[in-house]
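So the structure is just underneath, and the comments pick up after that.
Chain naming follows the written order as A, B, C and D, and within any one chain the residues start at number 1.
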Amino acid sequence: MSLSADGIYNFMGLKNYISDIYNGVKSLITGMKVTGHYITHPKEIVTQQYPENRDTLKMFERFRGEVVLIHDENNLHKCTGCSACELACPNGSIEIISGKEIDPETGKSTKIIDTFVYHLSMCTFCNLCILSCPTDAIKMAQGFEHSVFDRSKLTKVLNKPGSKIMPGVK
Amino acid sequence: MNFNIYDFTEFVNSIKLWLNSVLPPAAADIAGFVIIGICFLTFIVILGLSLVYIERKVCAFFQQRLGPMRVGFWGTAQTIADIIKLVFKEPLISKGSDKFLFNLAAFIVIIAPFMAIAAIPFAKGLHVLDFDIGLFFITAISSIGVTGILLAGWSSNNKYSLIGAMRSGAQIVSYELSVILSLLTIIVLTGSLQLSVIVESQRDGWWIFKGNIPAIIAFFIFIIASTAESNRGPFDMAEAESELTAGFHTEYSGIKFAFFFLAEYINLFIIAAVGATVFFGGWMPLHIGNFEFFNNVMDFIPPIIWFFGKIAAIIFLIMWFKWTFPRLRIDQLLTLEWKYLLPINLINLLLMALVALSGWHL
Amino acid sequence: MTEQELITNIETVPETQEYFINMGPQHPSTHGVLRLLLTLDGEIIKKVEPHLGYIHRSIEKMCEKDSYQQIVHLTDRMDYLSCHINNEAVCLCVENGLQLEIPERVKVIRTIISELTRLSSHQLWWGVMGMDLGAITTFLYGFRDRELITDIFEETCGARLTMNYNVPGGVMFDIHPNFQKRTKDFITYFRKKLPEYDELLTGNVIFTERTKDIGYLSKEDAISYGVTGPSGRASGFACDVRKRFPYSAYDRVEFKEIIYTEGDCFARYKARIDEMWESMKIIEQLIDNIPEGEHKAKTKAVIKLPEGEYYQRVETARGELGVYIVSDNKKSPYRVKFRSPGFSNLSALDTMARGNKIADLVATMSTLDLVIPDIDR
Amino acid sequence: MDNEKLKNIVTSVIPECEFSPDESQFLNVIVKPEDFRKLAEFLRYDPETQMDYLFCMTAIDWNTHFFTIYHLTSSVTNFTVVIKVKITDRETPNIDTVCDIWKTAEFHEREVYDLFGIKFNNHPDLRRILLEDDWVGYPLRKDYKDEVNIVEL
């Protein structure tokens, strides 16, 4: 064994051995302090109890939950049936079945929507249909509770029965 | 019948006398066994359920969560619901497994803590087996459990289980040494393995305070080693969820899985009970020298509450470890034992002998 | 027993054998449906053979049918933890092809959200890494902090994970009025919480024992295997695309390229932790200086890229993502190739894990930060 | 190093290579499959080029022929070159492997084999990587038909 000062203090590596233990225990206690802090501060708990807080739970206005066709109080919507959204959709989750309506005043036939079919099961909520809509007839709503027992319920018809296109929207 | 919360001796004796008076001696003995057995079964089930609940809650609070909240008030009935689910689950046995050993393993695992719990003194006079090798009996019996783990891993016909079982074997063989040596450190002072004597010797103060520095070191080694022995995190190599999916009990389902689960928690209880008995005076209240008033106030708290309070504190400490630290690797686990704990333990034992000889302890 | 019999008896003692274990496709630490076929000798790994494709969705084939706007949302589903950066890569590539001048505001917004994405990805990685090593509490802490970022995303972009906030030419909406305040609040909060990560895991003696000198990858191997991102930089491979080929607003911010030379799990861990500090620095430099202007350049409804080939590389949270678009002047690309970082990073796993134990493989895998949909595409 | 110099270097190794138009992003070199291996080895080990990082490798089906495309860069000089190998044989397309030069090519070549059916000679472990082993056809080829899985919108 060398007689250097280090050699004496570090007798047979004993110093390293002890400092290993000391540093190890110290690091463990540092870790325990962090968890210890949180168990003594129950006010910092971040859990949200979901179904219970349903009333107070408000989604952000931009949150994309499902596509809806906007109807006003007179059951009028703005969809002209141009099927721009159908083309923009990457997954084919929008199907527009259009019909013809003859304007009683001018006698011209105009294209209107018959049914606006929305397959929620195929939608990826990419927002492209909303961007492509020239008349802002559709928007993303905040509803997110989509689970159903029957898959066919996910195929929705967005235009309400008896709804009409808003006058003046082309 | 004379029920006294501070001393159960008379109460237990009166039951014995009553049994002997209504039954022939042999039948009275058998009836006594049955009563004790039923008591312990109920106790263990309640204990297991409540410990699972406590663990989940404690873990949740460490992690800034709420834990189970749905079933019952604050989720108190959650574990009962879990047990009901486990009982009704199909007990699957995987193809190619050794069916006999597979079933046997679950029972061995649960029997070991059942036997060990008998020797634990709950309060004065509330003690089933009080023989002169009590501590030895507990350490010996509780290490039978590893046989069950080995069998479970071997008979499952699953390589993950096998690795887990082998790890567990290596681990328990190593850590058994440290547990016993750290307990021996205190035995040097008490001079007896009988648990009631150990408790009685701490009437004027617990060994962790009286026994000077070596006792404190011994306590921490005991906690570390016994956590490892019960296969709990950070030493849960045998289960090692992220490496071996679930280790030795990968293939178990239903009630047999519940046995493994229950055994883990009862082992936890036994460790804490032994630790409390040896280091913290068992059911003995906290007494400080000549502070008569303080000692009287402490005496007013029933011993059974003292005992369970100490156990709860130790269990909390072990849970704190589990929910803070990452898991060790198997070779590091063995390094920790053979390079650190065992040498420290041996030196500590020598120190304690020195302390005992020189009378430095209180 | 004669001597001869003894010798034959000794010879019939079975030798140790190598055996196989299937790790995955369902396994807690493969983080998805990755299957690793391990050849083991006891607990020592002799060989790791990844079997991929359990979540292959043929995104490249789908791109050949979709318009350029539609491609963007598919990239969300590759590396879902750095979805914004993936989107950005496609958009930059398309803008590059169209020679489109995008507003300064867009560049800054994209950079801020990219860095937030990187932060959230690293937070998740930190939590999962701790969980892989057995410290389950870290998982919850990581997610706790990540939640605040996803809230910012939800408010501004409209979704928490697959945001699809980019469109060719800009971003989908302008930033929400609360965006700057929320982001600043988050940075102040996270500057306090990040040291906690160090206390809980980085300094922990068990953790350092588990990660130091484990899963070593040399610089030569890192370059040869194309291991990029924090994993590559931990081996000394200076591969930060943000520095080498600055895009968006990275040319005007100051940040350090984190380089470690150890090449082990701990270096990869440290690289990511340090990267979180750098990301916060970048965000702080930009958040108050978002230039006024349009949030989107004018593009035609049907985008047709001129004939040619376009390559765009960006730095995702996992490494270098390359988007290679070959166009034949139609409304959908002729061929799209995504050079995903995870795919190349995974190929180095065998080299890194050999000779280590099963537990080390788990540590190595989690420091590589694999996202399986990114690998399989 | 600039494009001109690199062009000269490449021509000195493979005299009959083509270069793509100037306005493309990187320098594109189009070579024949039999010359490719030589060029790859040269670019990797020549002290002047040191293309040690293959950052993207893929293939394109141009109906009459395939291109396998190697994006190479150097971690030392930061210069990028794209090698395109024109494979005219559609029935049994094959090309030499480079996975001993750039290890990352091992996975990428398997992917190309999986999706395009281009065989890489001397590849140590050429199996399908993303699709199942019994998959019929090569999906990224332009003439690939799958009535079940591909829905034409």
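What we mean here is this: a contact is a pair of C-beta atoms (placed from the backbone, for glycine too) under 8 Å apart; a residue touches a chain by one contact, two chains touch by 3 or more.
These figures come from a predicted structure and were not determined experimentally.
Colleague: Let me check something: if the centre of a chain is the mean of its CA atoms, which chain is farthest from chain B?
Modeller: So the chain farthest away from chain B turns out to be D.
Colleague: When you take the mean of every protein CA atom shown, which chain's own CA mean is nearest to it?
Modeller: Chain nearest the centroid of all protein C-alpha atoms: C.
Colleague: Using the average of all C-alpha atoms in each chain as its centre, how far is it in Å between chain A and chain C?
Modeller: The answer is 22 Å.
Colleague: Express in whole angstrom the distance between the two chain centres, defined as the mean CA positions of chain B and chain D.
Modeller: Chain B and chain D have C-alpha centres separated by 64 Å.
Colleague: Mind checking the centre-to-centre distance between chain A and chain D? Centres are C-alpha means, answer in whole Å.
Modeller: Each chain reduced to its C-alpha mean, chain A and chain D end up 40 Å apart.
Colleague: With chain centres defined as C-alpha means, what is the inter-centre distance between chain C and chain D in Å?
Modeller: Their C-alpha centroids are separated by 25 Å.
Colleague: Could you check chain B for residues that touch two or more other chains and list them?
Modeller: 62-65, 323-325
Colleague: Give the residues of chain D that touch two or more other chains, as numbers and ranges in rising order.
Modeller: Residues 153.
Colleague: Residues of chain A that touch two or more other chains: which are they?
Modeller: 28, 31, 34-35, 46
Colleague: Taking the touch definition from the header, please name the shape of the chain graph: line, ring, star, complete or other.
Modeller: Its topology fits none of the listed shapes; call it other.
Colleague: Going by the touch rule stated at the top, which chains touch which?
Modeller: A-B, A-C, B-C, C-D
Colleague: Over in the complex, which chain A residues touch chain B? Could you list them?
Modeller: It is residues 21, 28, 31-32, 34-36, 38-39, 42, 44-47, 49 of chain A that touch chain B.
Colleague: Considering only the defined contacts, which chain C positions touch chain A in the complex?
Modeller: 66, 69-70, 72-74, 76, 137, 144, 147, 151, 154-159, 162, 164, 167, 172-173, 176, 196, 199-201, 203-206, 301
Colleague: Note which residues of chain C are touching chain D in the complex, please.
Modeller: Those in contact with chain D are residues 52-53, 56, 58, 60-61, 65, 220-221, 223-226, 228, 237-239, 244, 308-311, 313, 320, 322, 324, 326, 334-335, 337, 339, 343-344, 346-348, 351, 376-377.
Colleague: Which bits of chain D are touching chain C when the two form their complex?
Modeller: Touching chain C from chain D are residues 23-26, 28, 52-56, 58, 60-61, 69, 71, 75, 78, 102-104, 106-108, 111, 115, 128-132, 139-140, 150, 153.
Colleague: Residue numbers of chain B touching chain C in their complex, please.
Modeller: Chain B residues touching chain C: 59, 62-65, 159-160, 163, 233-234, 236, 240-245, 323-332.
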